[in-house]
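Both of the next two complexes hold chain A, though its partner changes from chain B to chain C.
And now, the complex of A and B:
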């Protein structure tokens, strides 16, 4: 690794629908993250935002709109589309070149101003072959879930238990959009959206303006006595057509391998203390356990059953409630970084896990059946 | 600071109205060409950066999904950079920072747009928010025409002279496009043709305006270590990078002295150690969708003083055989697939300093500036390349 980059502050807004306008929400979060370390906008180096025009309330070229309210006036700022972990990594890169000693990473997605998520994901399809059949992300996930259950003997109950765990965890998260004590039956007998997926196993559509302030090693020492260090990052993109892919043999293991290599991790199950992962569909959390190397292939259900990934387990996964609890589509990857940072700093409040956290993983995915994955490793 | 980064190869589509190919095939054409040009293949690449204007211009969102195969990006790390019209140059910046940070040695940058499959002006109107600005901003020409009027009035420029200078730019760029095998519009135009062409938004006329093009551009960026490993001698080193953005609401800013353009250029010049751009640059690829605006850029980039551009244009200072040739490729005025356009500027600047620009080569070009603009007249990005490290 060429140098060190630290997270020095984080901020986010609540996921439930808000009548506050976009500009104000973005301003409040931007101001909060800078104020937390007493950094003046004039002293801020660069900004990388994440947003997607399709999830931006009908305004194209999204970052034109929020340029000033996120501190961009006469700054060298840029933007990433689709996945906010891209923006996180781009900010790290900008600091590592030595031109900037601080970077604001901000992801913006105001769910309440957007149509249903799948009205947007339908627009990922090509207009000729797949749009006409109405393919969208939830449908692709349903294919994947069916295949996963058949190939590895995963049960619907095991998938539902992910939702029970995460929605229970989110009771401790003041920012979470959806929360509650549910039983496996509650989850399984909620409305069947696209078989075998039921409503409670599908992430909601949430508000999410999420900010992370990065700093160089030297600057971090000035700004905070609790830096969280960037340790590694990896991403990988899969081919486009579902028929060209094995939906159970995706790109997450490649993305994770790249991140682990950078962070010097050889045994993720032992070396990672906590994971915040993106599971827009409950069963995917089980699949991602396997691809992240937390358990062998096909054993995600068993790992969950063992209790290891519970909030009080040895490897807590999504103590915040994850994406099933809070799903601002583009911002959700960076929100995982925020949650992992709070855990590493011991500042997660009611959702702070029992075990000591020294190394944490944040994961983001977007696209049909996980077409793209990104993984970041953070350490105290 | 950072590690040195070079452009080692360029692939462009034959830009134009490409109804013979679908959008992914258009992207594929540019990507295949850059691999053919460099003799490298996708296995050698550490990552891919792609980008476009609002994806919905062609009705497909998050296009990195759609083009995963065409970009040969399956199994690769990916970034997706979008900054409206300046997307192309922002893609180049992303590739630069990726390598300069030490996180990669070889990055493929791809910009693309297939504007004939959508309604570009309708799409651009949606860049304006729906409550206050959208009613007044009918696509791009409305904003840019207001800006050129503001500039003429501010410096007391004689209307006829400005009109002549803009027409001169149109004539010379259209001539240059004949020497660029990839250019879209290839037509002979006279000063009279430009000045009598249909008014789009006064004072801008049809021949002052860029076309809607289909096109893609793919550029390979490499670390100094990789340049040495591959034994390359003709490369374009990145010397300066600058980017700035200003107010979203059109009325909040002074567009006659375009702060983001001035400051973006200053950042790039500082990094490249350039003090007198007109002397030290050998060629510039300025993003010029509108002739009038090109003159404002000359001034903001310090090629001449404020309000001086029309006189110098008419003297031929910025023509192909002038002191600082601008847009010898024909520029955006003759080819504008928006998401690719900024990257084409950088690619053309790189070809010039590598001595590979063919019939539109500026002899002996060693240092070249490339530029793109975007947002509601809001963003400016610069990349300067040179033949020497």
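And now, the complex of A and C:
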């Protein structure tokens, strides 16, 4: 890589419904992330934001509304629609041009104000064909879950255990929206909204204004004594039509391979100390373990059962509670970067994992049943 | 339910008018005539359904139209038992992927033709791998639901 890029500060707001409005909330989070390192808005190099009109409270074109609240007045700023981890990488690239010594990446979504996620994801469909069938993200996930269980002998209990783990972890996360000590039965006997998925295995719709401040190596030294370094990134896209895809052989392994190559990682299970991944449906965390190379294909359930991915395990996954606990749809990928950063800095408070964290992975996904995936590798 | 703080209710309602294009136009003419059209990729040889103008993997034009079989195998399904805004079909219904005989991708549609009200019964009836066949509506107007659903053979 031509140079080094550091994360020098992060900020986020809480996921539960708040009475504050979007415009003011975005200002508060932006101000907070700049203040953390004493960076004046005038000295901020550039801004990349992530939002999606469909998740944006019925205000479009969304970024025109929030530019000034995210510090954009007179700045070179741009916006990315969809998965916010993409925006993170665009920010990294802007620093790597050598023309900016700092970049604010900010993702915005106020889920509490939106219709249910499935009303929004129904709009991903094409109006000729798939919208007429009512396809949305949860239906696609339910297809995938049944296939996964049938192909690999994964049990409903193993899927539910992901929710038990993550909602338990989120008890230590002051920003999490949904949290609590639940049993496997609580999860399995929640409302069976779309078989085989039950309501508690589906992520909520949450609020999340999430900010990451990037800096060049030189600027980072000036701003913080705890930089977190960008090590690698990869993404991959699958076909649009669900029927064209193999729902059990998706794109995450390609995204991960690209990120691992850039970061020089050859054995992810050994070299990665912690992962924050996007699991909008409980069973997907098990599938993503496999695609990320944490275990062989079909053994995600066994890996969870072994305890390795628990908060006190050797490879903690989603100690924050993940997306099942907090799902600010567009912001959730960047929120994984924030959580990974806090763990690398030892600043994750009650959710700080027991083991030492030197290399962490952040993952985001967007579209039906993981149509697109992005993976970022960070290091202390 | 009213919230404990002051809110405004708003919605976006904008009329759009989208061109079908040649491929969808012919596909939906097929629907009107109880025909399911696919197209074949000359490079990978796959039959894609519904019909496409190009193969998304090979990125070349498809050059042959195919009337696909009306029967196939159920490859994925879910029982939808809740409502969401904009839902085009009253729940409960079964969304499904079907691999029509002689095709190489799955066709998204519905499974039906039997009592869907009792889920336990549905779970006994519907299995991935079972044979299904197309059931057509009597009133067809060039819509994806001219094909009512696929029913167990």
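Everything that follows uses one rule, which is that the second predicted complex is superposed on the first by the 380 of 380 C-alpha atoms of A that agree within 3 Å, B and C clash if a C-alpha of one lies under 4 Å from a C-alpha of the other, contacts with A are read in each partner's own complex, and residues count from 1 in each chain.
In this text, contacts are C-beta pairs under 8 Å (C-beta built on N, C-alpha and C of every residue); 3 or more make two chains touch, one makes a residue touch a chain.
In this text, all values refer to a predicted model and were calculated from it rather than measured experimentally.
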Partner chain(s) touched by A:240 [first = chain B, second = chain C, both, neither]: both
Touching partner for A:266 - first (chain B), second (chain C), both, neither: neither
Which superposed partner A:150 touches (first chain B, second chain C, both, neither): second
Contacts of A:58 with chain B and chain C, given as first, second, both or neither: both
Contacts of A:306 with chain B and chain C, given as first, second, both or neither: neither
Of chain B and chain C, the chain that contacts the larger number of chain A residues: B
Touched partner set for A:130, first chain B, second chain C, both or neither: second
Which superposed partner A:93 touches (first chain B, second chain C, both, neither): first
Touched partner set for A:183, first chain B, second chain C, both or neither: neither
Residues of chain A contacting chain B in one complex and chain C in the other: 58, 60, 123, 127-128, 239-241, 244
Complex contact set, residues of chain A against chain C: 17, 19, 57-58, 60, 115-116, 118-119, 122-123, 127-136, 139, 142-144, 146-147, 150, 191-197, 239-244, 247
Sites on chain A touched by chain B in the complex: 1-3, 52-54, 58-61, 63-68, 72-83, 86, 89-90, 92-99, 120, 123-128, 234-241, 244, 251, 254-255, 258, 366-368, 371-372
Residue numbers on chain C that touch chain A, as the complex places them: 3-5, 10-12, 18, 20, 24, 28, 48-50, 56-57, 75-82, 84-89, 93, 95-97, 105-110, 119, 123, 128, 143-145
In the complex, chain B residues that touch chain A: 1-3, 22, 24, 48, 51, 53-56, 59-62, 64-69, 73-84, 90, 93-94, 97-98, 100-103, 123-124, 126-130, 242-248, 259-260, 263-264, 267, 374-376, 378-379
